[in-house]
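Letters A, B, C and D mark the chains in the order given here, with residues in each chain numbered from 1 onward.
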């Protein structure tokens, strides 16, 4: 079975920086041999991370809120079509071995909180100190905190070795 | 159609204070003539708010994560059985005209974030200033902030009059 | 906790007969003191059964596929808003103590099949002999078969006494 | 984006014949260059079709009802973990460009009915004449009926050319 890494982040509200980081993160995930999972919409962090991963020869999965596969971002290889709106967020979380938050919107926050609720390993990338503290307070286990893509990838390696070890 | 007010809060992790406040909140919701909706499990804020509402003659709905109605709290009148685990959180949010957060756990945070994502009126009851600020930063509209049950109920009245007005 | 009886049947494709029977079925369910649950849309068997139940003083629940409570049929008291499209069918089934099929469309067939899959007591009302045989072949337990509303109600009483007995 | 073909069929109740046909069907789907999607559980048609596809070098997706990826069949490459029980059936249907029913259980019948409800192209493989007639009566468009794996694959080709044409 393939190792799936979920990247969560803002859609329409993503900043240029969020998207640049997401693109590099997607590249790095593909280069590490992992499958990338996102929320699949053709905007923001979802689209940018998928482009990065696909450009680096990786496989990209999108878990779509809508009921039409045509709504997926261009760089999605495998569109999982749920028709469940934000009800699909839990699927993003449960299907990923590690969740990386890249930027923060309301949907992202819901996914990170669900990931904490279900005990998933989480990497918070480029979040403010206050946002990191908020999430860490919700969790009874240490969350990974990263300032750069390489740190995030190193944390994913570490979490994966703990889970399978 | 009846007006449904959703109360979200911690389950097993609820403090004695969370549960006392939830009980009074349930009472006040029933007294106002609204239907109470919670996540339906027999613990914490869900159970306490439902007991309060039922004791005051109100109708109580529980949206259960499990697939067995027997898993509902005692004071639930209407058990909606989803079998969807935390996938049911979006149903809690979408079915409520206003969402009140009473205390904060990871599941609660996911629900408040989803409520922001879908533009629902929200009252944050007894949350720390930092937690309120976190959620307000995610939203492009003002969240209600209350320190007492009466303030929360006043905010609900206000939000309902805006929505239907 | 209240006893919920689910009535499933065609929406836009319902015949005049389906709707007449659904109306009487809704009345009879309310008169028996049970809560009526349907798919909640403002058409066909869902709308007719809800009107019948509400006219007889009963409580009516609608499990909506859309994400807007405004999409509920007029006679729905409690709108449960899922935003999950046909993903909500399993909730209709799991939340009902007995499922009654009144007429048959593709959505109804999906719900009856799910009810069989999850072992729910089922009454097939006014289905053709061939359709009854199809469903009975899928089930390892006897399905109720009724030609009139009174027979259906008698079967519900029987199933409820077995479950709680 | 990759073309996904969904194979639905009985789990624990699958016959030896169902599983043999499912294995060959999985092989043929992979050979045609399509991605195989099943319900992902380690039994029956889901497991057999996945083994066939993986043995032929194909990519296999499993949409799991449980909340643990460890519950997937051995030959699943990509486990999509929903934690939604049979609520995940709609995802199987919406994510597949064509649905093939291989054998028939209650869960399969629910999925075929949902596929009709959402207007998906469907191939009924090795179903009895009565079962084919039942489903055809529910649909306002012609369902594909196949007696052999090769016929099923030919029908999939035909449906795909119509959809994209």
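As a working rule, a residue touches a chain if its C-beta (ideal position, glycine included) is under 8 Å from a C-beta of that chain, and two chains touch if they have at least 3 such contacts.
This one's a predicted model, so the numbers in the text were calculated from it and none came from an experiment.
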item	value
Centroid-based (C-alpha) most distant chain relative to subunit D	B
Same-site or different-site touching of subunit B by its copy subunit C, using the half cut	same
Comparison of B-D and A-D (more C-beta pairs in contact)	A-D
Centroid spacing, where centroids are CA-atom means, of subunit B and subunit D in whole angstrom	40
Chain centre separation in whole Å, for subunit D relative to subunit A (CA means)	28
Of all residues in subunit C, the ones touching two or more other chains	67, 82-87, 90-91, 118
Subunit D to subunit B touching residues, read off their complex	67, 82-87
Interface residues, subunit A side, partner subunit D - complex	1-2, 4, 35, 61, 63, 67, 69, 72, 76-84, 90-91, 94-95, 97, 118
Contacting residues of subunit C [partner subunit D, same complex]	84-87, 89-91, 104-107, 109-111, 113-114, 116-118, 130-131, 133-134, 138-139
